[in-house]
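Residue numbering begins at 1 within each chain, and the chains themselves are lettered A, B, C, D, E, F, G and H in the order written.
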Amino acid sequence: MYHDEVLSLLHSVKDGATSPEEAVLLLKKRPFEDLGYAKIDHHRQLRHGIPEVVFGGGKTAEQISGILTAMRDGGYVSVLVTRLDPDKAEAVNAVIPIAYHPVPRMGIFGELPDTSTDGVIAVAAAGTSDLPVAEEAAITAQSLGNRVERLYDVGVAGLHRLLSKLDVLMEARVVVAVAGMEGALATVVGGLVACPVVAVPTSVGYGANFGGLSALLSMLNSCAGNVSVVNIDNGFGAGYLAGIINRIGEHRQ
Amino acid sequence: MYHDEVLSLLHSVKDGATSPEEAVLLLKKRPFEDLGYAKIDHHRQLRHGIPEVVFGGGKTAEQISGILTAMRDGGYVSVLVTRLDPDKAEAVNAVIPIAYHPVPRMGIFGELPDTSTDGVIAVAAAGTSDLPVAEEAAITAQSLGNRVERLYDVGVAGLHRLLSKLDVLMEARVVVAVAGMEGALATVVGGLVACPVVAVPTSVGYGANFGGLSALLSMLNSCAGNVSVVNIDNGFGAGYLAGIINRIGEHRQ
Amino acid sequence: MYHDEVLSLLHSVKDGATSPEEAVLLLKKRPFEDLGYAKIDHHRQLRHGIPEVVFGGGKTAEQISGILTAMRDGGYVSVLVTRLDPDKAEAVNAVIPIAYHPVPRMGIFGELPDTSTDGVIAVAAAGTSDLPVAEEAAITAQSLGNRVERLYDVGVAGLHRLLSKLDVLMEARVVVAVAGMEGALATVVGGLVACPVVAVPTSVGYGANFGGLSALLSMLNSCAGNVSVVNIDNGFGAGYLAGIINRIGEHRQ
Amino acid sequence: MYHDEVLSLLHSVKDGATSPEEAVLLLKKRPFEDLGYAKIDHHRQLRHGIPEVVFGGGKTAEQISGILTAMRDGGYVSVLVTRLDPDKAEAVNAVIPIAYHPVPRMGIFGELPDTSTDGVIAVAAAGTSDLPVAEEAAITAQSLGNRVERLYDVGVAGLHRLLSKLDVLMEARVVVAVAGMEGALATVVGGLVACPVVAVPTSVGYGANFGGLSALLSMLNSCAGNVSVVNIDNGFGAGYLAGIINRIGEHRQ
Amino acid sequence: MYHDEVLSLLHSVKDGATSPEEAVLLLKKRPFEDLGYAKIDHHRQLRHGIPEVVFGGGKTAEQISGILTAMRDGGYVSVLVTRLDPDKAEAVNAVIPIAYHPVPRMGIFGELPDTSTDGVIAVAAAGTSDLPVAEEAAITAQSLGNRVERLYDVGVAGLHRLLSKLDVLMEARVVVAVAGMEGALATVVGGLVACPVVAVPTSVGYGANFGGLSALLSMLNSCAGNVSVVNIDNGFGAGYLAGIINRIGEHRQ
Amino acid sequence: MYHDEVLSLLHSVKDGATSPEEAVLLLKKRPFEDLGYAKIDHHRQLRHGIPEVVFGGGKTAEQISGILTAMRDGGYVSVLVTRLDPDKAEAVNAVIPIAYHPVPRMGIFGELPDTSTDGVIAVAAAGTSDLPVAEEAAITAQSLGNRVERLYDVGVAGLHRLLSKLDVLMEARVVVAVAGMEGALATVVGGLVACPVVAVPTSVGYGANFGGLSALLSMLNSCAGNVSVVNIDNGFGAGYLAGIINRIGEHRQ
Amino acid sequence: MYHDEVLSLLHSVKDGATSPEEAVLLLKKRPFEDLGYAKIDHHRQLRHGIPEVVFGGGKTAEQISGILTAMRDGGYVSVLVTRLDPDKAEAVNAVIPIAYHPVPRMGIFGELPDTSTDGVIAVAAAGTSDLPVAEEAAITAQSLGNRVERLYDVGVAGLHRLLSKLDVLMEARVVVAVAGMEGALATVVGGLVACPVVAVPTSVGYGANFGGLSALLSMLNSCAGNVSVVNIDNGFGAGYLAGIINRIGEHRQ
Amino acid sequence: MYHDEVLSLLHSVKDGATSPEEAVLLLKKRPFEDLGYAKIDHHRQLRHGIPEVVFGGGKTAEQISGILTAMRDGGYVSVLVTRLDPDKAEAVNAVIPIAYHPVPRMGIFGELPDTSTDGVIAVAAAGTSDLPVAEEAAITAQSLGNRVERLYDVGVAGLHRLLSKLDVLMEARVVVAVAGMEGALATVVGGLVACPVVAVPTSVGYGANFGGLSALLSMLNSCAGNVSVVNIDNGFGAGYLAGIINRIGEHRQ
């Protein structure tokens, strides 16, 4: 497309329809968009149907509702807001309607895509305290149009619970493994399945977990070769990444 | 398959062809393989055509050639050996023939799969000192039958070099981003492409890089949502993971 | 037992009382319980008389009373709740009766076992600030039916206090050593006794104790060979572990 | 000047106008000022027109207004107060008038210098959460009489936004690069420009950013040779340092 | 005993057989031995039949053979030497005969106890690189007269290998779990068995394992309540501790 | 003294005034006090006139006043309470009278010793934020009867302020150097004086000071040979230690 | 320049001298150079007369001489090689002539610029062990045409040595402060001068310096506002940065 | 003295014997020495009889013998060389005679002071591996003319060995406590004695001692109030500091 657009501009210059001076300005003003060098943020949703994301942590309800209003006016169809406390959600909702998920503290503006993938993302979480992060991953992946199966409370200290869900794990196209404390879930799951595993360490624990460092190092040192890791408590990132991996296998990729 | 095998065993019990006592022994002896609870290591290659891997670090040439001989005799068609020093490679080669790649210090026994994917894995490396890790990723991915494009010396302190390869990046189905020092390549690449990025921090650097900690933390904190991270210097893991992600998009997955 | 249960199932198949299809489902549905591969959590208490444990930290009073009610209805005779703040304890108690210990912030539902071991667990604590962790260990061990002797305020900077309790230490079958700051108690006690010492670093201290790291490293590097370590502030774990070690020496083990 | 002052004192001794005993006292009493061994703090502003700075963090409104009053009475023309919360600012303002900037939480007493440099300091910030630190740098530099250009929301995960401001960056005499999370902005900017880059890591982020450690290490390991680093969140230091570097190029240096 | 010995001394004083001055010297000279305040090192072996241990790391062959000779002359029947390199072992053996185990690099002087416990210590190791540490634990425990079962190459990324040894694990009185990298073995084993688990993190791995920190933190944060931890690579400590725990259950404790 | 006391006891046994059985009890009951093996805590004040210390951090006002009352009733003449918040001090004072110092948050019960040393302890502090720690050191030392000179606001970034106090420093018998941030004061002072320097790192600072780690490491790595270090913010320890060092030089030591 | 070049190309298109198809290729082939978006590496020396740099660490003599030969053939006039061991230097010199500086282990190919700045860079180093890093900074700065004054062995534990060089420091336009251990030199110098200070922590020291971490943190936490920091042992970076800062004040900037 | 010297100079100016210009030069040339602002390094030995110290680590034998020769020619009577390997010592000795102590690897040039203090420094070391550091402390202190008592192999895991030396400890004026691993010796000794304790953590140990960090943190967090700490393995510093503390109590201080 770059080739075509610039070529037509140059033909227009050749034909005298555009002066060289005008052409220079056009090229200079839109260097990257025009040249196709980067995905253009504000066109992303329109082209891909992928919801936008606003990181709600550290923003006021006023700021968030302002941003959402501006995005709606700019034509965005759906927007996710992460790390949104319940009271802020209420205040935002008074300005612009959002659907609120209290466990992962996410708000969703607009309508999510109907389409759902053939492939399945399994979201496995070790303990009940890991649920907020796991749900952030699950809802993010669903918001991107992916089919998600939840496997919760499958920590490896009670191995039979995990193994009783083995069929779900082995049929998944991608697994998101969410665990705090010793973070062993990622490696055990990685050894059981053949597909990619996105591991999310959580800050759940105390003492020598040092805010999630324990699970993070554990997951990075996994002896399973199909495991990669995102930041501590980064459920959104894991869900997003699992979503784009899963969609590689779809027809409408 | 579990269902079928066990079912036929049970029918055989019902029919009197197998005694309950024999059946119990068969089930007990092979509890997991038979029950389909886990991928069976020694059957993996035969079924998937995926080469096996031996971690050569810390093993003697004698041990490695012993392992390779045993695997060959066990029917393995191809085996990768990682972290294999040149002198050890020579000693191994005197016992059992291997092809040796000196930059990533990898040895390959047997024949690799002919098939090559439609999708492309782009392996991007920041500096020349990152090449051993990048090559480990690239050759691993190729050994799994993936098509690989190498983008080397594209560190973000010389952004034009990276941007001149933008077409390759944007056409890739997966990108492996290899960088030491400040590890910024992962985030910049993550922002330029829409596909999954597997980031590999390397221990290249000195002083406050603390053995790769700098690049590791940088990559984990990437503000690009499509980046996940493997262990420091883990080129093999990144190549393997990129390979299985890439193959999700193939017909013969 | 696995042998027997599966054998009788197989005989039942042979006899036609169970169809192969039914047998397959039974094996698949309860893969681990049936095969005896793991201790079955929800049967544990009934078989062993060991109280269950609920980690109260980060749970609401509502959640805790809900869990306790469900466990009571499920037939549990006694349940420990750790890290339970006084106000939550009051709220829980309004729903389901618990005995509350304010120092270790533990609540106990139901009746604890009468039986008490012959062997003694000595719980030694360095300073008064370490008492909550020490009491968590002591009450946990007692809840498991162990006899416990408390040796408090025996920090090694006042060695005569510890040495005046030498007879208690030397008669113990297991010692739990609880200390913050420099954590030296574990090593000194380890050198004085011949039995196993379970060391619990606490987060008591300030500055360069870095949340308990100082005592943790001190205890891990103990030059006494009979010392092992649990997580920072993990009084429950130490009491539980000491309890099962102590019971190895009992007749009714 | 040292030479001259002491010489005239010695001549005065020689001439008998000053007794040796008096001279000894004069030398002893003002050992460093007289000898020119150090810049004299309380003369600095008068000589250089540089505003003084008060670190407001951890001080009460009462203490701050007391200090400002004393400085005003001591002849100071302008004083910056950093890390001043809005409510404290209001309380201070009731005692002594200050202009308050809420984003960087800075208060300014008195009039800032009119003069503005020919050279430009570009202050680039990666994300909106980095703005308080970036504004602290920008306003500090302006307070020292420097011309400042702000380039905000130019994080490297959206490279086109940064590149669209390339002309501003390349014309700057110094760049201040402010970024949290993976801190890659410093290296990318360092590679794009030829001038000095003062990098400010911020504590923006979560999980494995460990309070800014991630961005700090990233910036220290920058492979761009023109980057140096100040403390995490130290916008004041970066603005001050950029200001004195920029003024090296001015006539009235 | 203290009571008796001192009492007879005092009676001897009363009777005039010992002068008060002589009695004072006797009491002063042997303050701790006589008063029973501490186990007397050099009597330990004679009383308990427990071999002594010499840490060979950092000692020369000459120093080690000198120590062994002195111990033999002092009446010691058996002595373990840990971290003894093969060449040093040869040199030591030329002076005083030792049996040498090359994998754990241990030397044994003298005859080990015949007696073997009823109870079994299971030593489980994740990978082949963990064998030196695992063997140090196993041989140490055996040297103390314990029965040991070895379960090697049972890392949790290949769960079926561990689960196929479940019967051995579940019959053990104590388990030693040895693992490097992500150290998940300790938690998985801890969840499968009801007995105490002594976890040994190893320094096996690279990159973000930071010399064993990864496995250490993982094991300390285990969500299994029956796991305690010794220092990185401390096979001796784990074997010694498992041995004294195991012997609690024996008649000849 | 041990000799004398025990000897007279033994003579009393010899003379029949004390029976051997009584003597055994006396020896057993007070094993350490009688034998002089340790300083006897509850006799310390009476013998030395040194005030006792109660660590107030984490204790309630009720607990503190209870402890003080018990100590007063036990004959203590003076007691220091550290880390005592103003509101707690008020509540304590309502029960038992204390003198309260708000800056170091210390309370003093009873009368301090009149005597003051010939030697001087110089307490030097870098910034005003370091004053609470410096005052804790100064008042502690004074409470032990030492003469103290305060040198405040002498941070090394304004070297002339420190150097203007050089005479005080050089006449001191001990110096306490209190500094946060980069902690350079300890080394600079250590190089200027010939006497012992007790360095106290403080947690003053932000960002890469990591709670005082920066100053702590700086002081531990001091290239001045006369510097030793206490824990972060440990003003009490520094004042106590400086006090006992200073008193070594007194006649009434 | 971008404007002019592209404009002339467009005029050439308009005039028919260049076809649109040719123009598109020209634009595509050199997207960043032509558009002025980045400094073009291989043109840098020709335009600025700045020597190129090759990081010699981890490269073989063969690789280095190969790179130098290629650069010479490509028209480079002068090249610095850092971290070049003496034996490698000899081997390189046999292929292509270099001048070798053994203390900083630097090699220089070609002729350095004659021109020398009016402004002076003072390079101050704390101890003799810091000299290699200091010399790397000094020679790098000189290679860029800067005037350099060396102030060596001016560690702050012997303050008089530093202060005796105060005149040199105060006349400098930039100071490079090089120190290991406690790294206090940066702050002391920063307080004495008004110009920018580039601080270089070195790995000189032992124990708690943790490979330079001590000096690094010390310098980052400097309470002097004119100090910024580069990586541990990064003498090259400091010299380069000081050089470009110094040249800001020159006429021929 | 400052007063007198400068006064006589000023009188000399007044009298015309010295011109003001000459006086200015004299003052400027020796600003700190003349003004008494700092201890003059090269005069220290002559005045105090204290040996000089050369840090031998990282210096060649040639450099060391050069320095010693220069110092001898400069009038130094005695010089200590620390961290001097045996082979270097031999090479140095061939040039200039030194007495060599192989355990602490120290060389001594010249004659040490005859005088020995009344007060005693007790140097206590936990294990035999700590001896090099302990001997460095002991010999350093002796070299400064102090009386030293060695208490070796008194680690707290064998408490009776330490307690059997209690009389030596309690009579000491200062104690140096040297320990690696868990470093508990410092606290135990600190609690037993009333005098200052200088604690030296050593790097002895492995695994989670992280190069001495474990003992360092342990000692910094000591709950004994009379303990201060020097750098890891810094035997010299501890011996020097103990020496100057001990001499405070001497007549000839």
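Here is the rule we go by: a residue touches a chain if its C-beta (ideal position, glycine included) is under 8 Å from a C-beta of that chain, and two chains touch if they have at least 3 such contacts.
Here the structure is a predicted model, which is why all the values come from computation and not from measurement.
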**Asked** What is the size of the turn, to the nearest 5°, that moves the C-alpha atoms of chain C onto the matching ones in chain F?
**Response** 90
**Complete:** In terms of CA centroids, furthest away from chain H sits chain A
**Message:** Taking the mean of the C-alpha atoms as each chain's centre, how many Å separate chain A from chain E?
**Reply:** 50
**Request:** Compute the distance, rounded to whole Å, between the mean C-alpha positions of chain C and chain G.
**Result:** 60
**Asked** What whole-number Å value describes the gap between the mean CA coordinates of chain B and chain E?
**Response** 39
**Item:** chain B: positions in contact with at least two other chains
**Value:** 31, 37-38, 158-159, 163, 191-192, 207-210, 213, 216, 220-222, 231-232
**Complete:** A full list of chain pairs that touch reads A-B, A-C, A-D, A-E, A-G, B-C, B-D, B-E, B-G, C-E, C-F, C-H, D-F, D-G, D-H, E-F, E-H, F-G, F-H, G-H
**Request:** Enumerate the contact residues on chain F facing chain C in the complex.
**Result:** 31-33, 37-38, 40-41, 57-58, 201, 203, 211-213, 216, 231-234
**Item:** Complex contact set, residues of chain H against chain E
**Value:** 129, 158-160, 163-164, 206-210
**Fill in**
Listed in rising order, chain C residues that touch chain H in their complex are 126-127, 155-159, 181-184, 186-188, 190-192, 205, 207-210, 213-215, 217-224
**Message:** If we count contacts the way the header does, which residues on chain A are in touch with chain B in the complex?
**Reply:** 36-39, 48, 53, 119, 163, 166, 173, 191-196, 198, 216, 220-222, 225-232, 236-238, 240-241, 244-246, 248-249, 253
**Residue ranges of chain G in contact with chain A within the complex** = 2-3, 6-7, 10-11, 13-14, 16, 19-21, 23-24, 27-28, 31, 35, 37
